[in-house]
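Here is the structure we will look at.
By written order: A, B, C, D and E. Residues from 1 in each chain.
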Amino acid sequence: MWEKLVKRAFRRSIWVYHCNSGACNGCDIEILNVLTPYYDVERFGIRLVSSPRHADAMLLSGAVTRPTLPLVKKAYQAIPAPKLVFAIGSCAIGGGCWYDTYNVTGGGDKAIPVNYFIPGCPPRPEAIIYGIALALGLVDKKVAPVELKQMEFPVDMYRQTKLWEQRNVIYKLLGEEDDRYNLY
Amino acid sequence: MSVLAGFYLSLLSLSLSLITALIFGRKPEVVRVAGTLFISLSCIFLALGAISAITGEGHPAEFEVNLGIFHFPILIDGLSGLFLLLLSILGLTSVIYSSAFTKKNEPGRLQKYYLALPVFIAGLIGLLTVDDLGLGFTLSWQLMAISSYFLVRMGRPDKISVRPARVYLLFMEADWLMIISSAFLTKNYQFGDSLAVIGEKLAHSGRIEILIFFSLLLAGFGLKAGLFPLGQFWIPGAYSTASPPVSALLAGILEKTGVFGLIRIFFFVAKEAGANFNPDLWGKVLVISGTLTLFIGTVQAMKQSDYLRLLGYSSIGQVGYIIFALGSSLLAWNSGSQAIRHLAAVIFLGALYHSLNHGIFKSLLFLVGGSLLYSTGTRDLNRLGGLLAAMPVTGILAALSSYSIAGMPASSGFVSKWLMISGNFLAGRNSLLLTFSGIVALFTAAFTLACYVKFFGLAFTSVGAQWKIKKEIKEVPTLMLIPKILLMLICLSQAFMPLVYVNLLSKSLNHSEDFLFSGMFTGHNLTNFKAEVLSLKIFDGRNLLAATGPLIILLIIVVLIFLARWFRQSAGSAEVTVPVWLCGYQDLNQDNIYVDRNMFSDLKKIFWWTGGNKVIVVDDEGELAGCNAGTKKDE
Amino acid sequence: MAKKEELRELLKAELKDDFIGEELAGERRLFVDVHNRALVKTAEILMKQGARYQVGVGYESRKGGRGLALVHTFAFDNDALIVIVRTFAPEDNPEFDSLTPIIPGAGWSERECIDLLGFRFKNHPGPKRLVLSDDWPEGIYPLRHDVPHDLMPPATRDVVFRLEQPPPGTSIVPFGPFHSSLHEPAHFSVYVDGENIKGCEYRGFMTHRGIEKLAQTELTYNDVPFVAERICGICGSVHSVNYAQAVEAAAGIKISRRAEFIRVVMLELERLHSHLLWLGVAGHLIGFDTVFMQAWRIRERIMWLAERLTGNRKTYGMVIVGGVRRDINKEKAEDIKQVLKEVEREMLSLEKAIINDKTIHKRTRGVGYLSKEDALKWNLIGPVARARGIAIDARKDHPYAAYDELEFEVPVVDYGDVWGTLVVRVKEVYEAINIIRQCLNKMPADGPLAIDLDAPIPSGRQALSVVEAPRGEAVHYVLTGEENKPERWRVRAPTYANLQAVPEMLMNNKLADFPIIVGSIDPCISCTDRVVVIEIGLQKIKVMRKEELETISRKMRFEG
Amino acid sequence: MWLWNKLKQLAISLRAGVVTLHYPFEPRPAPAGFRGQPVWDHTKCIGCAGCANHCPARTIFLRDICQEVRILLYDSARCTYCGRCVDLCPEKAITMSDKFELATDNRQDLTQAIELFMMTCQRCGRCYDLEIKNYIDRLTLLGYRYDSLEVRKVIKKSTSEFQPEMLEKTATYQRPERLEK
Amino acid sequence: MKVAAIFINLAYFLLLAPFLEGVMRKLTARIQSRQGPPLYQPYLDLLKLLGKENIVSSKNWAFRLAPLLAFSSMLAVVLLVPLAGAENLLSHSSDLMTLIYLLTLSGFSILVGALASGNPFAGVGASREMMTIIMLEPVLAMTLILGAVKSESFTISSALSGIGRNHGFSYFLMLVVYLLALQAFVSRQPFDIPEAEVEILEGPYVEYSGPNYALFRYTLNIKRMFYAWLFVVSFLNFVPSGNFWLKLLLETAGILILFVLISVIGATHPRFRIDQAIKYYTLLVVLSLIAIGLGVKGW
C-alpha cells in the first residue's frame, strides 16, 4: 500500500549497528562521537541500536581479524534487508596498516558487501557525517580517481588491452591472470 | 433418568469395573479396557443423574441408605448435582486419558490402579451426596482417602512416592478426625444426624460450641480444599506424586469437595443455625484465610520448577480465590442493603463458577502436564522448551488453558474472577478488609499470569528440549488428546456462554433447600442484577446478547488483530528465518538458553517469606535437578 | 641505586655459576643473564625482595647464536628500578622452567610464548593454546623468523572453541563480541543465576592483529611509532612514546628536553580526553545518557585542540624515535591554555552536578567491589588500583620523559568499587590539566624537536620502557635488530593486568552491573589483544578449555 | 538534595544550549596543519620510491612498466594519514591536503596513479631497478612488497588453498634465509 | 456519535502516539545539548520498519502472534476509554476489570513473544518485564479502584471521573503515587529496565525486526500515551464537561505537558537495577494501598 513511502522513509531513518571487528578503538570512539552534541547524527534520524535485528546499517570498524570474520558475516546476516554497510576507517576498508598480517583478513569487503567507504585513521566525525550524508543523498561525492602523468607518453603501445582502465595493469602485464588476487 | 437411577447405576458400573479388575488381574489389556468402559459408563450415568438433580425434577433426592445396622442419610440437591456433574466430566476425561497414559505401566501396577480408581470415584460420589457427619461420611471419606492414597503412592517409583503418599494419608485421616469430632460438640447430637438436623440443633447450642464447631469444620474442609497453611503440607507433594490423570481428579474435584463442604457448612447449616451463626465473623475469617491462601499459594507456585508442583501450588491459590469469594459474599450478605445483597449473590455465583472453571482448566492443565511427562519424561521446566513444534495440539491446549487460568479477557477464568472481584469491590467499597483483599486478589492475578507465562513460555515456546531430552519427542496419542479437547471445549463454552452457566448455577441453587441466599436466584431476581449499581455487563441485555459480553471483547481483539496483521503486511515485507542472535560468538545451546530457575529471581527474593523456596525437581530416573530459589541467605 | 647494587650482589651470591652476566643499562634498569636452570630461583629471590611481576617476553635471537631467549621483567616500584632477567635455550630444545606456579600472572606471557614461538615450559599448569585461533595448524609459530608475517593458514569450518560448561544451577548469558556495552570484540560468557552473576569466562584475542610481527619484519624503526599509535585508538600516544623511549634507551639516544616536554603534553592531553571519554561511557553504561553527552561535549574541545596541534584528532603522529615531529610554539601554548581553562570550568560544573547525585551512587557504590588485598593479589594497576587504595603510578615510580621535573599528585581513594574509579578519574582530569600548564610554563624555549639518527641503531641492544597510560602502566620491551628495524618488540597494555580481576569484581553482582563493572577498568581490548588472549578462571570454579577439533556445542543449533 | 543535583545537571545542559554544528549543510574546514589526504605533485616526483619504502601502511606502490615509464599507485583507502611520506620525500612532492571528505561508494575513487617518466640510464639502459630477483633481496627494500607477485602468493585470505607445501621452498617461492650466508 | 467515537478514539491514539515520542526525543536531545531529530521522526521510523525484512528466529506461532496480540490489546484498551468524556458504543461492554486485564494482556503477549524468541537476553528482559508488571499493575489498578470506590461504580468513565470527585487526602496521595510511577508506566529512565539496551539489547524485543518490531514500538508509544492520558483525565479533570473538541484539546495539552516532565526526568536519571526498582515499586504499592484506605474511609 505504501511501499513508495516506506522506501523514501528508509533513507530518513537509518538505525545503525556498530560492529567492531578488531579495530583499535579510534574509529569506534569517533562513531560514538558523531552521536554527541556537536555532531548529533540523530538529526538525520540516525540511532545507534544494540540489536542487529533493529538495524538498517552496519557501521563496520576494524580490520576484520581472523576470529571475527565469521562473526561479522553472522552479524550481517542478522540484519534484516534492506541494509547498508559502512566501512569506517582505513582498517575496515582495506585492512589498514596490518592488512596482510597473519591474523588479519584485510578489510570489511572480504567478509561482507560494503556499500560506503569512509576513509580516515580515524576519520573525523565530520568525515563520518559526510559519508552518512552521502548515503542519505544530502551531499555529492567529492572524490574521483586521480590519474596524473608527468608527460604525454605513448602509453598506448603498452596498452594491449583495456587493462589499464581496470586498474590491474601492473599485475596483468606481468602475466598475473588470477582474479583471486585482484586488488579491487 | 432420575437422580436415583443415575446414582445407583453409576455405583453399579463402578463396582463392575472393580470386579473386572479383580478377576482379570493377569490380563492388563482387559483390565484397562473394561475399567475404562465401566468407569466412563458410570460417569455418564452420574452426569445424567446430576443433570436431573440440577434441573430439579420435583425436589432434591433425599433418602436413607440402610446397610444392615448402619444407615445414613443421602441428599442429592442442586448443589451436589453441580459438583457431581463436574466429577462426572472430570472422571470421564481422566479415565479416558488414563487408558492411554497407563500403557507404560507394568501389569501389577495397572491392576492396582484400576482397583483404586473406581473406589476413589465412588468415595467422591459419596462425599458429595452423603448428608451427615457420621457413618456415611466416614465411609465415603475412608473410601476416598485410602484409594487415593494408593493412587498417589503408585504415581511414581516407590522410593520417591512413599513419603508424600503417607503424608497425604496422614493429613486425610487427621482431617477426618477433625470433621467427625466437630459434630459431637453440638448439643443433643446423635450419631447419624443429617446436616439439616445438626443445623437445627446448633441453633440451640452455646456460642463457644458453635465457634468450635465451625472452626473445626473450617479447618477440616479447609485442609481438604487447601487452605493456607494447611494445604501446603500435602497438596504439592500429593499432586506432583500422583500420576497426572489422578492429579487432575485430585485438583479438579477432590479439592472441590472441600469447597463443597464449606458451602454446605457456611451457607446451608449456617442458615439452620440461624441467629447463632455470626456471618460477619465467619465472613471475615473466610476472606482473610482465602486471601492469604490465594496470595501465598500463587506466589509459591511462581517459584516452582517442577511443573506438576507448580500446578499443585497454583490450585491452592485458585481455591483461595473461591474461599475469599465465599467469605466476601457472606460479608456482603450481612451488610444489609438489598443492592449489596444482590452483589453477595453475584460473588457467590462467581465462587461457584470459579469452582467449575477451576475444576475444568486445572484438570486440563494437569492432563497437559501429564502429556509433557509422557512425551519428555521429565518434570523439570529447566529442561523443557520449544515443544510447540513437537506437540502442537498439546501446545495450543496449554496456551488456552494457561490463558484461562491467568484470567485474561475473554476466557473462563476472566468471567469468574470478574464476578468475584468486581462484586467484591462494589460490595465492599466501604469496607477496608474487602477492598484490600480485593486488591490482593487482583495483584495475585498478575502472579498467576507470571506462573503460567513461565509454564507455557518455557515449556512450549522457548527453545531447548531437543538437546535436553535424549528421546524423540512426539505428540501424545489421540486417546490422550480427546479428553483434553473435550475439556477445552467446555472451558471455551464457559468463557463465551457465561449466561448459560449462570443460569445452570442459579437453577442448581434454586433446587437446593435451606440455602442462605435462597430466593436470590429465581428468574425474577436475576433481572434485578441489572440494578444501577452493577456494571457487570454479563447480565446486561436479554437472551443471547447477554451471554456475549466476553464475546464482544473477543471480537474487538480479533478484529484488531486482523487490523494489526494487515498493518504488518501493508508494506509487503518478506519473512526470513535467521538463527537467534547471541552477540555473534555463541550459538544457542543447552547452556545459554534462559531457563526457569532464572525467571523472576529478584521477585522470588522479595517474596522469600512466603515459603516454598526450596525448589528441587526429582525426576523419575532419580535425577536431581534444580536449585534453591531465592532464599534470603542466597548470596 | 643502592637497591640495584644490592640486588646485583645478592643475585651473584645466590646464583653463583648460573649468573651468566649483567648489563647495567642506565640507572633504573638491571639486565641479568641467568642460566636456564636458575630462572625459578632468580624469580623467587626477586619476588622475596618485593618485586612486582610485569611481563614475560620470548624472542628468537637472530644473531649471536644464542637461539631462543626468554625475558622476565620485575619492577621495584619504590626504588624506581626494573630488573630484567634473561635466559636462553638452544633452538632445537626451547624448554624453560615455568614461573607460573610461583607467579600466576606469568602464565599468560608464557603461554603466549608457547603459541607464538613454540617454547615449552616445564611445570606449567595449563600449557594450552592461547593466542592463535583454534584452527591454526600446529608447528607454525608466527613470531619465528622463518614464518612470513603474512602467512594465513586456511580456516577450518568445523573447528570451534569449546566454552566451559556453566557451574551447576547457572546458565550462560553471552556478552560480546558485538554487544553494545563492549565497544570492542571480546566475548564474556557470563554465568548467571537469575540476575546474579556467578562468574564469567573471557574469550579474547579477537583484536589480535599481529602488530609485533609486522614491526619486526616490515617496518623500519621510525615507521613503527605510527603503527604503535594504532595499537589503541584512545591511548595511542602512550604506545608510540613508550616504543620510542624503549628504542632510544636501547640506542643510547638522549632526546632534547623540549621534545620530552612536548611528549608529556601530548600524553596528558590524551589522559584528559581519555578520562572524559570514560566518564561519558560510564554514564552511558548506567543508562545516564546526559552525562555521556555532556562529558563528550566537554571532551570535544580537547579533540579539536589535538587536531590543531597535531593534524589529527586522535592518532597524533607526534612521536618519532629521536624526538617529536611538530612543535608547540607560543601561539599553540596559548591555545592550549585557553582550552584548558574552558575544560576545567566545564568539568568543575559537571563534577558538582554528578558527584553528589544519589541516583548515580545507587548504581556505582559498592558495585564491583574488590578489597585492597585482592587488588594487590591481582596486581592491579592504574586508576583501578588507585581506587582501591594502592598508590601506584609509573609517572612517580619510574619517571620518564619530563615527569621528574613536574609536580603533581596521584589521587588515591579507598572505595574499592566502581565509584572509586570514577572519583580517581575525575581527580586525575584536574591533575592532567595542572601538568599540562606546568609543562607549558617550564618547557625550554628552544632545542631541536628531533635529533637526527646519523648512525644506525646498533643491533642486539635491549631496553624496557614504562609509561603510565590513562588505564595504568604500559610496558614496552625492545630488542634492536639489523636492517634498521627492531628484532623483537613486546607490548604489555594495562588492561592486560586489570582484566584478570574482572571475574572477581563481577562475582555476586547483578547482571545489570556487568557493563559498568567491565567498563570500570576502562578495558582497552585492542591494546591487550595486540598479541595476547587472556583467560580468566573463576576463583572457585575451575575453568578450563578444551580445544578439540570437532564439531561441538557452539555449532549445535536448535532449528525448531 | 536530589532535586538540587538534577537542577544542576539541567543547568549544565541549558547553559551550553544547543551546540550542534550544521555540518553537511555548512562547510567545516579542517584546521591548518590537518593531515588529510596526501597529494602528489607529479611535476616534482622523481620516482625514488622513498614514500613507498617507508609507508607504515604500505599503501604506495611503484612499478616499472617499461624502461621509461614507472607508475606510482597510491591507495587512499588503506592509508593511515600519518604523513610519513611527506616527511621523507626529498623533493617535497607530497603534501598533506586538508581534504577529509573522502567518503565514497567505490573504492576506485580513492586511488591516485602517477605515470612517471624516467630517464634512461646511460650505462645500463634502465633507471633504478625495481625488479627484484627474489624475496630475500626484496626484504632489503623494506616495506616494498605489495606488487611482488611471489609474495602475494602467500598472502592467504583464509582460503582453503593452503597446503603445508607452501611453507616449503618451491620454484616460485624461496624460503627466507639468513642474510649472512 | 457513539460509533464515530470509536474511530475518533482509534485515530487520536494512533496518530498522536508517535508524535509524542518525537517530542520526547527532541526534548531529550535538547537536554543533552543536541539538536535532535525532527518531531515527525517516529512516523518515519515506523514506516521504515514496515518495509524491512521480518526476521523470524523461531518457527512457532507464538512468536508471530505476540506482536499482533500486544498491539491489538493495547488498541482495545484505547477503544474502550471515554476520550474527552465521550463514551462510545464499546465502553458499555467493559469495565475496569476489562481495562486492567487488557493492559496486562498487552504485557503478557510481549512476554510470550520474548520467551518464544529463545534469546537469553529476551529471557532476561521478559523476566524483568514480568516483575515490573507484577509490581506496577496493582498501582494502576488501585488508581482506578480508588475511582471506583469513590464513584461507587465499576464502569470506566465513572471510575475515571470519580478519582477527582472530592480532592481529599486520597486524591493527593494517589496523584503523587501515580506521578512517581509514571516513569515506570511509560518505561523511561530510570525504569526502562526491561528494555535496557546497554545490557540486554532491548530485552524482549531483541529478536524482533521490521514490521513486528514496528508493532511493538507502536504498542509502546500508545501505551505511554495512554498512561499520560489516564493521568490527565483522572487527576486533572477540572474542566466541566462541555464541548467535546475543546476538552480533547485540553487533554492533549495535558498529555504534552506530562511528556515534557517524562522527558526531563528520563534524561536526568541513570537506569536503576531491577532489585532497586522493585523496592521502589513496593513503596508505591504501599502508598497506593494507603490511598485506597483513605478513599474507602471517605477522605
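Basically, a residue touches a chain if its C-beta (ideal position, glycine included) is under 8 Å from a C-beta of that chain, and two chains touch if they have at least 3 such contacts.
The shown structure was predicted, so the numbers you read here are calculated from the model rather than taken from an experiment.
K.L.:
Give me the chains shared as neighbours by chain A and chain C.
P.N.:
Output, common partners of chain A and chain C: B, D, E.
K.L.:
Figure out the least number of contact steps between chain A and chain E, where 1 means they touch directly.
P.N.:
Minimum number of steps from chain A to chain E: 1.
K.L.:
If we look at chain C and chain D, which chains touch each of them?
P.N.:
A, E
K.L.:
Going by C-alpha centres, which chain would you call the most central?
P.N.:
E
K.L.:
Which chains touch each other through the most C-beta pairs?
P.N.:
B-E
K.L.:
Based on the averaged CA atom positions, which chain is farthest from chain E?
P.N.:
The most distant chain relative to chain E turns out to be D.
K.L.:
Would you mind checking which chain's C-alpha centre is most distant from the centre of chain A?
P.N.:
Following the centroid criterion, the farthest chain would be B.
K.L.:
Centroid from C-alpha atoms only, then distance chain C to chain E, rounded to Å. What do you get?
P.N.:
Once rounded, the distance between the two centres reads 48 Å.
K.L.:
Would you mind pulling out the distance in Å between where the CA atoms of chain D average out and where those of chain E do?
P.N.:
That pair's centroid distance is 56 Å.
K.L.:
Taking each chain's centre as its mean C-alpha position, how far apart are chain B and chain D in Å?
P.N.:
It comes to 78 Å between the two C-alpha centres.
K.L.:
Whole-Å distance, chain A centre to chain B centre, using C-alpha means?
P.N.:
Result: the chain centres lie 63 Å from each other.
K.L.:
What positions in chain E touch 2 or more of the other chains?
P.N.:
31-35, 47, 50-55, 58-60, 118, 120-121, 124, 127, 197-198, 201, 206-207, 210, 268-269, 274-275
K.L.:
Where in chain C do residues touch two or more of the other chains?
P.N.:
Residues 147, 150-152, 155, 171-174, 177-180, 185, 194-195, 226-227, 230, 290-291, 293-294, 297, 307, 312, 315, 359, 558, 560 of chain C each touch two or more of the other chains.
K.L.:
What positions in chain D touch 2 or more of the other chains?
P.N.:
If we look for residues of chain D contacting two or more partner chains, we find 6, 9, 13, 16, 18-20, 30, 56, 58, 80-82, 155, 157-159.
K.L.:
Can you name every chain pair that touches?
P.N.:
A-B, A-C, A-D, A-E, B-C, B-E, C-D, C-E, D-E
K.L.:
Report the residues of chain D in contact with chain C in the complex, numbered from low to high.
P.N.:
1-2, 5-6, 8-9, 11-13, 15-16, 19, 30-35, 54-56, 58, 80-84, 87, 96, 139-140, 142-143, 145, 151, 154-162, 164, 167, 175-176, 178-179
K.L.:
Can you list the residues on chain D that touch chain E in the complex?
P.N.:
6, 9-10, 13, 16-20
K.L.:
Which part of chain A faces chain B closely enough to touch in the complex?
P.N.:
Result: residues 1-3, 6, 51-53, 71, 74-75, 77-78, 80-81 of chain A touch chain B.
K.L.:
Provide the residue numbers of chain E that touch chain B in the complex, in ascending order.
P.N.:
47, 50-63, 67-69, 71-73, 75-76, 79, 90, 92-98, 100-102, 104-105, 108, 111-112, 115-124, 126-127, 130-131, 133-135, 137-138, 141-142, 145, 148-149, 152-155, 201, 206-207, 210-212, 214-215, 274-275, 278, 282, 285, 289, 292-293, 296-297
K.L.:
Can you name the residues of chain B that touch chain A in the complex?
P.N.:
Interface residues on chain B, with respect to chain A: 570-572, 574, 576, 578, 581, 584-585.
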